[in-house]
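Down below are the structures I want you to see.
Heads up, the next two complexes both have subunit A, just with different partners, subunit B and then subunit C.
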Partner chain A sequence: MLAYRATYLTGIFNYTIQIGAYFFLWQAVYENQGRLGGMAQEEMLTYVIIAWVARSFYFNTLDRTLSDEIREGQIATELIRPYSYQWAKMARSLGEGLFRLLFFTIPGAVFIYFLHPFGGPAGWTVGVLFAISLMGSFLINSQINLLVGYLAFFTLSTSGILRAKRVVVDLLSGLLMPISFYPLWAREIIEYLPFQAITYLPNMIYLGKLEGLKAIKALALQGFWFVVLLMMSYFIWRLAVRKLTIQGG
Partner chain B sequence: MVIIEAKGLTKEFKIFRRREGVVGAFRDLFTRQYQVLKAVDNIDFVVRQGELVGYIGANGAGKSTTIKMMTGILVPTSGHLQVNGFCPHRNREKYTRGIGVVFGQRSQLWWDLAVIESFRLLQRIYRVSEVDFQQRLHRFEDILDIGDYLHLPVRKLSLGQRMRCELAAALLHNPTLLFLDEPTIGLDVLAKANIRDFLKEVNQTLETTIILTTHDLGDIEALCSRVAIIDQGKMLYDGSLDQLRAHWGEDNLEEVVKDIYQGQQPPGVKGWGE
Partner chain C sequence: MGWVWERTKSIAWYTEIFFHYGSQYLKSKMTYRADFIINVFSDFFLQSMNLIFILVLFDHIPVLKGWSREEMMFIYGFFLIPFGFYSGFFNHLFDVPEKYVIQGELDRVLVRPMNSLFQVIVETMRLELVFGVFVGLAVMVYAAEKMNLTWSWWDIPLGMMLATGATFIYGGVYTLLASLGFWFEGRMGLMPLVYNISNYGRYPADIYKGVVRFILTWILPFAFTGFYPATVLMKREEYYYFGLLTPVVGLVFWAFSYFVWTQGIKRYRGTGS
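Let's look at the complex of A and B:
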């Protein structure tokens, strides 16, 4: 279990650097500014911290795992098992996510809190809604990763696509900055995409900017995107398995 | 009882043909030339319960492709295939409950987990009762001699040790049918002998039907009374080992197989390969 201690520790280090960098960046941006994109400075700093802390839970490398398994033919050893490939992969990622949540996300958040106290969720209801929306982030992010991983069925050179996907998700999910910072035309497009449901909507729930019915609506939107993506990945899977070739004998 | 029934089983692959040189590579970007390869070509194959069939052929003859269709991984291009009463790829999740598979070239144990943890996980996946699990585990410990390294992570095992664990893993749920794709590849003489003895015992005591592909004719001689030979996707011979030797008038199996792979005809036998 501790064979990957180094990975674990560098992971913590990595997240500290990321959060630290964005933290100071936004501090500098807010210098002599009142509100930007509808957010005060403290809200923005909380946003950054929560966005990265949440990411340590929902993040996974399913896209690369799938792509590698398909490219190297290792998928054969999964197909001989009496389970659904995609659900088994999701379950495994959820396990990893819960592990990180307990040993990484929560200790990390406490650590950061001592460095710079940030606002908690406004009340229990908000906390619970946020927790549910985190699960939504995980489901949507995993489905997107599955879909991108499946591209390896159709093209064997996937590394560029994987990198592009990562940038797109970081940018359009609201991890790098809140969607409210984008120009109006961009916001209108982003609202019709599933990515904002990964970071932006959960964070808005956390900050109390989506309350009551609006918060429920955000959760429903997450549910909608999950179902749509799930249907897409089922469809592509069925199509791809028929054409499957096992690489390397 | 018929376990495997294949009629006219065929698998075609579309292969992208690369043109030579820089100009060729550039042209490939726009128009691609494909070539259809018949990896398995119109095969008929029937296996009854309790049989131990050796399935041999030169590299690239179509052995693995056949096995992958029979295990539900690949979808046949045409033909009829029924195994254990299932159409393998269509009912894959149900069908795979009743089979065990070992790929000699790939590990299906969890690389970072201790062997016993892998077994426990499989116990859950195949819903094996604790009593059955313990009983089978003890038995495998005895015959395969894996007791000493059950608590080591799979990545620390030698190939021979790992292969024994793979076999145990494939049999924990007591499948009626076991597919072995080159299970003795790269193993030393002792490990091979150990695995052969184990397979023989499994086949005899549990009546497990076994399909075995191998390049080691020692495996075939030690285990199989029936042998099927595939060449360029076509079934060349399917029958007893003794009859094969008789056809060629040659006792040394290796010589017989060499001649077959070179495309020779057995002396004085009509209808060979049809």
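Let's look at the complex of A and C:
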């Protein structure tokens, strides 16, 4: 990553620009408005910033890597290696994530802080709980990426699916706007899906809207979803490897 | 007169070649039919997401900086037209630095007696994504109906001119970015950066302040790809001055970028193997 210093710098700018788009929009939305969806303007702006900054840590391209390796047949070499393919991939992206956390997420947050000072977490406990929930975001997001990547076992066409997945995750995780903005019927559905555990729940912890027991419950929910998704991906993996055909080689 | 005749012949020739490329493209795409359909669908999905965003927002507020829900939808609908053409024809100009310059694919392009930029565009186009243009038109018509906008016949040529100008802005920006590959080797990650800036164009420009608004109007003129021209069609007279500039901005930006491209082509030395 540091070998491409220009890319690295534009990367930080990139996040700033994305945050900026929503930042200006929300500022205009809150003009002459008090609280919307249970949030005051400053809380909303902090929400947007934290959502994107956190994303720079948990984001990865496991879905693309996997579907490429499956489609191009590299998976055959991976399969003969004496390690668990999924865990190796997860560990690898965790390494990348931690690297980005140090060299990208934190400098990015500092940079954005200079542009618009945003509120920190309310106290040490909240900070620690938020840090744990970020780990949860990473685990759940990675599992979803693995699952979507596995689709390449069953279909040759993946690029469209990957894009559709990104749309779903952006919309239902609360990255674009807090889940509390959605109409009731939509919220009821979203509550039964894993996506809100990626952005909405951690952000609510950060803003102090989920405190004490509620915050612990949110973390437990993240754990629950991680286990469920892990079981699903394990099952699909077993199924897929059995029917896998590598062409040529 | 001779010049006009030559031009007409050359345009006819390029059109014919374009259709040949188009039909080859569709044939190759039809081999992976599912891929084709999923691509169109996921694009449609992305546009719907932005619409949902606007709809949900307006559940909570009556107006946004004086713009109603229907006006916001209309702006977004207009934005989808140049955006659709961009996705179809210009998005993959980001392959140029890596694939065409560093790997030397341009060697092949340059030995043919045809405009090099034209060839690169038709080789990298994703025709199915032009479908978004129709989504944009549908959204515009729906929003116009909802706000009882009265249309007259000249709105159609006017709208086409504005949309063409807006498309030229997109084409110009991406041609310029692709041309940078002739001077700077290696990835700079500018393409996603500019893509994200382009998304600023789908909201009213008056929500942006100071330097951001200046950039969107005069440096990377994405405010002219959605907001300004859309206001003309919505008969918001206070923006006519900017809105009607759209075709001019498009042409100037395109001409400048094309000039940079030709300079870049002159610098190109091939890969030497």
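Please note the rule applied: the second predicted complex is superposed on the first by the 244 of 249 C-alpha atoms of A that agree within 3 Å, B and C clash if a C-alpha of one lies under 4 Å from a C-alpha of the other, contacts with A are read in each partner's own complex, and residues count from 1 in each chain.
The criterion applied here is as follows: a residue touches a chain if its C-beta (ideal position, glycine included) is under 8 Å from a C-beta of that chain, and two chains touch if they have at least 3 such contacts.
Since the structure is predicted, the reported quantities are computational estimates derived from the model, not experimental observations.
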First (subunit B), second (subunit C), both or neither touched by A:V227: neither
Which superposed partner A:R163 touches (first subunit B, second subunit C, both, neither): second
Which superposed partner A:I17 touches (first subunit B, second subunit C, both, neither): second
Partner chain(s) touched by A:L115 [first = subunit B, second = subunit C, both, neither]: neither
Partner chain(s) touched by A:L193 [first = subunit B, second = subunit C, both, neither]: neither
Contact breadth on subunit A, by residue count: subunit C or subunit B: C
Subunit B and subunit C contact sites that coincide on subunit A, given as residue numbers: 4
Residues on subunit C engaged by subunit A in the complex (per definition of touch): 32, 34-35, 38-43, 45-46, 49, 52-53, 56-57, 59-61, 64-65, 186-190, 192-193, 196-197, 199-200, 203-204, 207-209, 212
In the complex, subunit A residues that touch subunit C: 4, 6-7, 10-11, 13-14, 17-18, 20-21, 24-25, 27-29, 31, 33, 36-37, 155-157, 159-161, 163-164, 167, 170-171, 176-177, 181-183
Subunit A contact footprint on subunit B (complex, rising order): 13, 64, 68, 71-75, 89, 92-97, 99, 101, 103, 105-108, 112, 125-126, 153
Sites on subunit A touched by subunit B in the complex: 3-4, 73-74, 76-77, 79-84, 241-242, 244-246, 248-249
